[in-house]
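Shared between the two complexes below is chain A, which pairs with chain B and chain C, respectively.
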Partner chain A sequence: MVDKPIKGEKRYFVTGNEVVAWAALAAGAEIMYGYPITPQNEVMHYWTRLAPKYNRKFLQTEDEISAGFATCGGVLSGARAFTATAGPGNTLMQESMSMAEMMKIPTVVVVQQRGGPSTATVIYSQQEVTMTCFGANGEGLRVVYSTGSHQELYDYTIKAFNTAWKYRIPTFVLGDGYQAKMRESLVMYDPEERGIKMVPTEKIVGKEGMPGVEREPSHLRNTYNTEDELYDVVEKLVRDFWQAAPEIVEHQEFDCQDAEIIVVAHGVVTRAAQAAVKELRAQGKKIGHFRPVTLRPFPREAMKKAIANAKELIVVESAEGQLDKIVKAEIYGCSKPITGYFKPGVGITAEEIVEFINKRG
Partner chain B sequence: MALAPNMPKSWRAETKPHKFCPGCGHGLVLKALGECIDELGIQDRVVFGCDIGCSLLSWDFFNTDSIQTHHGRTTPVLTGVKRARPDRICIAYMGDGGGYAIGSQHLVNAASRNEKITTILVNNCNYGMTGGQMAPTSLPGMKTETTPYGRDVELTGNPTQGPEMVAAITPEGAYVARGTIANLRQLRKMIKKALETQINGTGFSFVEALSACPTNWRTNAKDTLHFVEKEMTKYFKVGELKVPGEKEGK
Partner chain C sequence: MAKEYKIALAGEGGQGVQSVAGIIVEAANDVGREALYIPNFGVEQRGGVSIAFVQIADEKIGSPKFKKADIVIALSDRAVRRTAEYVDQRTTFVYDSSIEGVEEALPKNAAKVYAIPAVDVAKNELHPRVFNIIIMGAVIEATKVIDLESAKKAIEKKLGYKFEQDPKLRELNFKALERGIELVRQAGIS
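After this line comes the complex of A and B, so read on.
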């Protein structure tokens, strides 16, 4: 028996990519498939250094198409498997994730967003929101956790495996290059010791027993012959997804109760938004902040409640309105004005948000 | 339904008769594969993966666990299974478009890494499922839907020599062969050796099968066989290219 990677609770001061590797280890991930891309590389670097010590495996594939599909294969064979990527790699991985959506393959993908469109920067953005939530020819039947700190990278990487396997939905941890590369302190722990039970995996293919004799064979497909046949399948996928959604959605609220203006932000930008709210409150302004943690499914009801008394919403994001578009669709019917503060591929500070709001009087 | 007397044990009777066109080579290749699975007694260990292309029709063909994947992506899916569960016998089944065009990077890299999986590729000189377009394997001068005046090798290159390429990039221990539905006994032997290579864990195994697509070739039975036996073999030499433990090029 190899030792558990993490025993007891320990405080660390490390980069986000290292956090992801440790979290996957602590969650009992058996194998990672990956292809180099910045700013995700160190997830693989740490994983490949740690994995052999704990009897875990790694395969460097020829591209992200292969990494995504190999992850599907690993998961189907019953392994808690994952991959990590960013930007153009995320683009290539969407093909396999549409297969995961269709065939209910509980894959886990960690995305460290980098600038876009195209190759852009290797640094940072929130421009992979639309793609991660709705990529490929699908219906967006995925779970997307948008993290804002190293602690959350750890917590939600562990949680992603459980959500994926519990609901059989492909699950994404949406980080970014800032979180990936910066050092920050967090507490690592063994999930079981904290009472977090890891959802057991199951062999979806490669089961025991003679197929056709002792058991039915697993025959998995993604192609259908008629519209009606497909409709039945997709309708069930959609039904399952929305049935699970209320149990999956997560959000945070800061001073929304009596706020006149509510800042909506996700991921690492929540930190600027939280600080801006503090500052503006100190100046006597009635400002609040709503943060969706799950971008998909979106915490729609919670948001509607949180903004009920507000006069105006300001969506702040490091993208040209990708969160904004989701918010507008989710709170359809809300007549409050919504203003955007968009900085595609650029970080956002609390001071900017304060200034933006103060300038508007 | 009563089992036809010559149906391999590992075939799933409930899904027969199969849905390939009359005279199609896919059924013959899958029969040879079924017989090998039976002979080797590995039915309960096989994970079978099929591509998109006419091979997709085989998703429920065998009494084995089976995964229908995407066009060109069967190799990485089965690689993923094998890496996570090395005790499984992983078989990736695909067409020439899937293996040599859209999925060629996966074939090349799985071969280079010497993945311990078995790839069986059906060469029918065209994209069958989508209605007969040019494939990497279409013969020079061959008329297809996208080369209506015949394949011009100046513009589109020469037919892909798959097994030759795979043999060139795999290390000793791999198995590489080209068989044909015109010689099923030999094809069966090749597939069996390929599977044995995987079972023994010595390397990647790859069998291309020269096959027939009478529907898109618009050929009758006689012309179909003539095309496979006489036309295709002008470019595609049938035989073993690499056998574990044997010197190459003998």
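After this line comes the complex of A and C, so read on.
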């Protein structure tokens, strides 16, 4: 019997990539498939060091196309499997994740966003929002958790495995280069000891029994001959997705109740937004902050409720309007003015949000 | 308890700014403070100026990077020029006195600018290898983010395995730490 990777609760001071590796171990992930790309390299790095001690496996593939499909394969065989990537690697994984959408393969992908377009920087951005939520040919039938701290990287990496396997939806943990590389404190724990039950996995191909005789055939397909046939399948996928959505959506609100201006931000930028709200409230200004934690499905109803009394919204993100586009689509019909503070590929501080809002008067 | 501090440490690759930043934040974390450390890790990491962004506070810290630092420590010519952008009227700017020809590049808007002879002390008095520990001493004295005992503990934690083999190294490192503190006191920074 191999020891549990984490026993009890303990404060750690490590990088985000290390957090992801530990969280996947604690969640009982059996194998990681991966291909190196900065800034997520150390997820693999730590996983390959730790995995053998706990009887877990690792396979380095020849590229991200392969890593994505190998993750699908691992999951189809019944393994709690995951991969991690960033930027151009995320682009290459879209084809396999589109197959995961079609075949309801519960893959888990951790994305540490870097600058874009193309190779750009290895540092940081929030420019992989559109791609992670809606990439590839498909309908965006994915779950995307956008984390903002090491604690959340840990919590949501564990949760991602459960969401994926419970609903059979490909699930993403969307971090970024800052979260990947910085060190800060968090508490690691054994999920079971906190009452978090890991959803059991099962073989999706190669099940016991004669298909069609002793059990229903698995009928795994991603190719269809007629439009009607495809339509029926996609229609069911879409229906299943929206049926699960209310149980999946998550958000946070800060002082929205009486706020005149509400700052909308996700991921690591929520830290700046929260600090900005604190500062502006101290200056006597009625400012609030709404943070979608799931970018897909989006916490639409919660947001509509949170902004009901506001006069104006300001979307703040390290991208040129990727969150902004989602927000506008989700709250369609809302006539409040929406302003963007966009810094593609660049970090955003509380001070600049405060300044931006104060300059507007 | 000390106030929240934003520290930018900059130097050439090999000067050890990242390892010093790492030891300081570990020490702060060990005494229960909130700490956040992020290196610059662009492609410039190879052969460029290395910068460590450190924040230490009593509450959870906001953005990982900051625009303006409370204290900037620049250890090379290029580091002096590169860190000007992190300086405003509240910033204490410290550079090494061995860096020549940077007078015109020193930030004019800093609250205060100080030169400390850390390179000189490392080379002529102690050992070039403990240069970064001198800098660590300078940082903790200038900011008070951790006390001397916590700093020593953190160094022991990081380098203890080397000290086991050669106890003189412990003495050398602790001496370097104390000299760093002295340099800051002599410069009148703290």
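As a working rule, the second predicted complex is superposed on the first by the 350 of 361 C-alpha atoms of A that agree within 3 Å, B and C clash if a C-alpha of one lies under 4 Å from a C-alpha of the other, contacts with A are read in each partner's own complex, and residues count from 1 in each chain.
Everything that follows uses one rule, which is that a contact is a pair of C-beta atoms (placed from the backbone, for glycine too) under 8 Å apart; a residue touches a chain by one contact, two chains touch by 3 or more.
What you see is a predicted model; the values in this text were computed from it and never measured.
J.: Overlaying the two complexes on chain A, which is it for chain B and chain C: clash or fit?
T.: fit
J.: Report for A:Gln243: first if it touches chain B alone, second if chain C alone, otherwise both or neither.
T.: A:Gln243 sits against neither chain B nor chain C.
J.: Looking only at chain A, is it chain B or chain C that touches more of its residues?
T.: More residues of chain A are touched by B.
J.: For A:Gln257 in the superposed arrangement: first (chain B), second (chain C), both or neither?
T.: neither
J.: Touch test for A:Phe13: chain B only (first), chain C only (second), both, or neither?
T.: In the superposition, A:Phe13 touches chain C alone.
J.: Using the superposition on chain A described above, determine whether A:Pro217 touches chain B (first), chain C (second), both, or neither.
T.: first
J.: Could you look at A:Gln283 and tell me whether it touches chain B, chain C, both or neither (first, second, both, neither)?
T.: Touch partners of A:Gln283: none, neither chain B nor chain C.
J.: Quick check for you: in the superposed arrangement, does A:Arg183 touch first (chain B), second (chain C), both or neither?
T.: So A:Arg183 only meets chain C here.
J.: Considering the aligned complexes, could you tell me the closest Cα pair distance between chain B and chain C in angstrom?
T.: Minimum over all C-alpha pairs of chain B and chain C: 28 Å.
J.: Give the list of chain C residues in touch with chain A in this complex.
T.: It is residues 22, 25-26, 29, 34-43, 60-68 of chain C that touch chain A.
J.: Any idea which chain A residues touch chain C in the complex?
T.: 11, 13, 38-39, 121-123, 149, 177-179, 181-185, 268-269, 271-272, 274-275, 347-352
J.: If you look only at chain B, which of its residues touch chain A in the complex?
T.: Touch residues, chain B against chain A: 12, 43-45, 47, 49, 52, 56, 59-60, 62-70, 73, 75-85, 88, 105-106, 108-109.
J.: For the complex, give me every residue of chain A touching chain B.
T.: That would be residues 30-31, 33, 57, 59, 61-63, 65-67, 69-79, 81, 95-96, 99, 205-213, 217-223 of chain A.
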